[in-house]
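Every chain is named by a letter (A, B, C, D and E) in the order it is written, and numbering of its residues begins at 1.
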Amino acid sequence: MTVLPYLVAGWIFLIGVYGLVTSRDLIHAVGCLAVTQSSTYVLLLAVGYRNGGTAPVFADAPTNSRVVDPVVQALALTDIVVGATVTALLLALVVQLRKRHGTVDPDALSELKG
Amino acid sequence: MTDVLIVVALLLVAGAATAAVLNRDPVRQALVLSFLGLTLALLFTFLQAPDVALSQLAVGSAVTPLMILLTVRKVRRRPGSGGDGADKPAGRER
Amino acid sequence: MDTARLLPLVVAVPLLGAAVLVATGRRLPRLVSDIVGCAFAAATAATALLVLFRAGRPGPGTYPVEWVGGWRRVGIVLVGDPLGAGLAALVSLLVVAVLVYSWRYFEEPPRRHTGSFPALILVFQAGMCGFALTGDLFNAFVFFELMGVVAYALTGFRVEEPKPLQGALAFGVVNSLGGYVTLLGITLLYARTGELGFAQIGRRLDTDGPDGLVLAAFVLVTTGLLVKAAAVPFHFWLPDAHAVAPTPVCMLLSGVMVELGVYGVARVYWTVFSGPGGLSHPDFTRALLVLGVLTALLGAVMCWQQRHLKRLLAFSTVAHTGLFLIGVAVLTPEGISGTALYVLGHAGVKAALFACAGVLLDRYATVDEYELFGRARELPAVGVLFAVGGLALCGLPPFGSGLGKAAAEEAAGHTAGWLPALYVLVSAVTGGAVLRAGLRIFAGVGRRPRDEEEGGPETTGEEEPETRGRLLRIPVPLLAVPAALLAASLALGVIPAVGSAVGRAGALFTDTGGYRRTVLDGHATAAPAHPPPHWQLTGILLGLLSAALAITLATLAVRRPVHTGTAALLAPVRRLQSGHIGDYVAWLIAGTALLTLLTVPGVR
Amino acid sequence: MSSRVRLWVFLVGAAGFAALFAAACFDLPAFGTVPHPYGVRAVHAALSHHTANVIASVNFDLRAFDTLGEESILFSAVIGTVVLLRQARDEHRKDPEPATVHPPVRRFALLTLPFALLVGLYVIAHGQVSPGGGFQGGVVTATALHLLYIAADYRALERVRPLTLYEIGEAAGEAAYVITGFAAVLAGSAFLTNVLPFGTLATLSSGGTAMVLNAAVGLEVTSGIVVLLARFLDQAVEIEDPGEDDGSPRHTGGGGGNGDDEREPA
Amino acid sequence: MSTSDGWLAAALVPLLALVPVLWRIAYGSPKDRLIGQNLTSLLAGLVLLLAARGFHRTSYNDVALVVSVLGPTGTLIYARFLDVLPDSRLVRWTALAGVPATVLPLCVATGPGRAMVKLLLIGALLIAGSVVTSGRGGKGGVTA
């Protein structure tokens, strides 16, 4: 338990990269990139957790409660927005790529070489 | 007890991430991604981060898979203009 | 008003401009939106210059520091040290040049979205300035991503073309992945120190000895920055993206964005990892030196082999980035200031060269060296600019790039005696490639090159012009901008005040303790005195040698047939540049492993 | 590189990465015991500004500059997508086919729609008090709007979705964020300083400018996501590729022969 | 075991039920996958409600509220694209049995008030969403 969350984050990262490397479909590759990114959320929040802590939202909790780290949560929020927008942009590129190349298979893209 | 929930959620997330990568068909992957989004939201709630859970829920289980589906729909609507058979990615058949 | 108050405005003004352009863009005519865009960019440049003059004022080593939102030690800090402020000013000035250049460039902006191109450029400017000024690790990541997102969109701007789309996608995937690796590293640092500011992290790290965690954090953070800097083996995306992006965007990508990656590596190392709790100096030098040398050599070799003009320039950017990395790796104030000057000079020269390539593209609908053979004899002015750019690229005195190269190679020579030779060789080969292309295209010298055996890995230079039709008359901005950029690069080398200011900037940049005190405690510290970059006999001679070598190489290449033997020898290297996203991602991960191997103490 | 070589390069790299990362993990403090000096300072700072949701306080007050960058990323990604997915010169538009929706689904979607919009607005409005905020609520609101697509069809959605207005809304949200920051400068403080009265802890009007920035983000995200999804829907439903309708017989069973083609305009 | 641990242990039940659902989504037929997607949001909603109680944080219920709104929406969007909206007794019965079995004890524990109204609302939404999306809707909810 002491390192499990960190190791899970590492696993998610590597499996996502594996998917990117072996992908035969660019849409799938973009999905794998999203998976890779979720490793960063897991690591951030795992680092911010405190045993017995509760969310630093004091609307329904006394202000002296033991809380988890609010900063990493804010960072994770930012990170999620970044991920969603990057995904959107890359998918837009894939849509156009398919129109101009007639394929979404990275193996068949051969315009840029050498 | 919280620890047990966290461990189960972590393993679910790891499993869902693996499944999302190994499902080579984008439509199938979109569904697994939305599952991944939901389990991540659960994990974040257990890690006392409801704010992050909410946005993960909104983005990961709704917007991202929806965009993937729309892209697939556009991409598969018709064969490519320069298609010579090579435009048929593996795992396209369901 | 306090100068420090201006720091966030360097980021906020262009963002406001972008919002205004998008909100009103569909109503405004093209001309008005271009003027609005230029006005906001120029206002930002003025702000950045104001900060720079304040920061660059000689005297005790104090510079403006601003905690955004007034949250001292709790919020985000922006630091206007001379080097960061100087980069922000460089970015802003180049953006103004680019906006002027593209004044007549896209004859047909996207329907109903006339404002979107200048708006994206303005956001790009904000992202780069923010990255240069921030003193906070996570904030740096945010601006890193902001630059990235805008750059992907700008690279794929011409959606009717297949090549830009492929280049933009590779760019997007590889750079985003690099960003996530960096974020993992930032998280590890946060777990160890519980801080996000450069200065705070550095101080906390130094209370403990280095261990695996610090090493991992360093490798991960640096990986993302090296991806941006296009160091081998993270460089594959760069030629693919820079060769196909719209020319005004190339000017920014090659001119400053890539260099910001190098800046990021240097900044993070000096402020965070250079203390006793970080990574030892020899380890850092070894790792960066190896990567830098590899990058410089590979970039030069690949550059020489290209016939696609923009791709050739892109590879020369790779080669020069390698030289910049070496300048950073030697870890001396002289190395930093020399490299900083080199970056400044290079930005002007490279942007000017891209601008010339853009003129060719729009007139002849190709940037292929073979196809253009002799056709541009009718454009003597462009030819002269191109040739001067090529000479400046190889560091001919008295250009700023020459002075920077001379200073950087002298600093590098103190670390390893053979490094100056590498500087000379690499700049001669890249400059020679540019001159060779120039001789063929603008003068039609030598034999008309023919397409050789089919099937080799090659990207030819046929492209669609970026204007509505082929240009018959070259509009004034397309010539004035490269001329002005080259003149600016020349001025950097001749005005002695530039050298002394850059020297002071390098000294302050490498003063880790001073940085932390200035940021956290508000103490002014005296900048340690170091000789600023100035012209020396060896530097001048080596610069002349580079130029002579480049001219010789170019003439030989034009007169003599291509050595098929060498080409065959280099074919495997060229084949690595496969255009395959999976390959690039695999190299990225392998590069992380390589960086680990290089930094693990004892592995020599 | 062949796929085999590529896999080997990856595996070697991944082994190195895994070793590095694992070494780091075992040097980390055990899960749940990491010290958080910055986190503790942030909690104090948030309470001093009467913001009950410390995360919202970090996002919109302490590190509001990060959020400015984040919103700009969203903003530029939306412009970028609009530009990338524009109708190219050689493409043309086709009206989508009307769809008849199964009555229970229609009833459910129409009933949920106002409710979902309400939930979205609720999440935005309570950003500084309870979990949620401009970003989360904005996404929910934007997604909820697409219930109309389910309840009826794309044409119904287009009718109630004046895209121009949303594009302006997005830019207005971004501008409002920057202008709030400028206002502080004009008031003589640092950029993005919280210059408004802080209000009472855990009420809707607490948090000072955090509240204003939250609203700006809500506006921007809602509009931005609507525009983003609209571009993708346009491509998927309306815009036809060059040569797609050039009189030649349509390729049927193309693109893998899946079942996605039913709604293709005839 | 304290009462809060009891609630958390109860949350473990729907959480563990997600494991076979993942299998179904990853390797099932198109129909199965949609049913799986539907079940996921339903089960996640239940986990979130129980966990909120277990952590003594009523504000966490907002997450469940958003799930109950977005879940069925997501399912219907998928159905639209995949052109299937399978009839599933499994989903219907899980909703009809599981939601009251979760929400009613929670209401008793919470006591009357705004929080209870919210709980009931979330429960009603979860049931309505699941029933509509698991009914005999025909192809993708579109009777074309």
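One rule holds in what follows: contacts are C-beta pairs under 8 Å (C-beta built on N, C-alpha and C of every residue); 3 or more make two chains touch, one makes a residue touch a chain.
Everything quoted here is computed from the prediction, not taken from an experiment.
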So which chains count as neighbours of both chain C and chain D? A
Quick check on this structure: which chain has its C-alpha centroid closest to the centroid of all protein C-alpha atoms? A
Is the number of contacting C-beta pairs greater for B-D or for B-E? B-E
Any idea how many Å lie between the Cα centroids of chain A and chain C? 27
Whole-Å distance, chain D centre to chain E centre, using C-alpha means? 24
For the pair chain B and chain C, the C-alpha centroid-to-centroid distance in angstrom is 36
What's the distance between the Cα centroids of chain A and chain B, rounded to whole Å? 11
Residues of chain E that contact two or more other chains, please. 55, 57, 59-60, 62-63, 66, 70, 73, 77, 81-82
Of all the residues in chain B, which ones touch at least 2 other chains? 22, 30, 48-51, 53-55, 57-59, 62-63, 66-67, 71-75, 79, 81, 88, 92, 94
Interface hub residues of chain A, defined as touching at least two other chains: 1, 4-5, 13, 17-18, 21-23, 30, 39, 46-49, 54-55, 57, 59-60, 67-68, 71-73, 75, 77-78, 81-82, 85-86, 88-89, 91, 93-96, 99, 101, 107
Go through the chains and record each pair that touches. A-B, A-C, A-D, A-E, B-D, B-E, C-D, D-E
Which positions of chain D touch chain A when the two form their complex? 3, 6-7, 10, 14, 17-18, 21-22, 24-26, 28, 30-34, 36, 38-39, 42-43, 46-47, 52-55, 57-59, 63, 66-67, 69-70, 73-74, 77-78, 80-81, 84-85, 88, 129-131, 135, 201-202, 228, 231-232, 235, 241-242
Given the complex, residues on chain A that touch chain D span 1-7, 10, 13-14, 17-18, 21-22, 46-51, 55-60, 63, 67-75, 77-78, 81-82, 85-86, 88-89, 91-93, 95-96, 99, 107
Would you tell me which residues of chain A are touching chain E in their complex? 54-55, 57, 59-61
Contacts from chain B onto chain A in the complex sit at residues 3, 6-7, 10-11, 13-14, 17-18, 20-22, 24-26, 29-30, 33, 36, 40, 43-44, 47-52, 55-56, 59-60, 63-64, 67-68, 71-72, 74-75, 79-83, 86-92
Contact residues on chain D for chain C in the complex? 1, 3, 6-7, 9-10, 12-17, 19-21, 23-24, 26-29, 34-39, 41-42, 45, 61-66, 68-70, 72-73, 75-77, 79-90, 164, 167-168, 170-172, 174-175, 178-179, 181-182, 184-185, 189-194
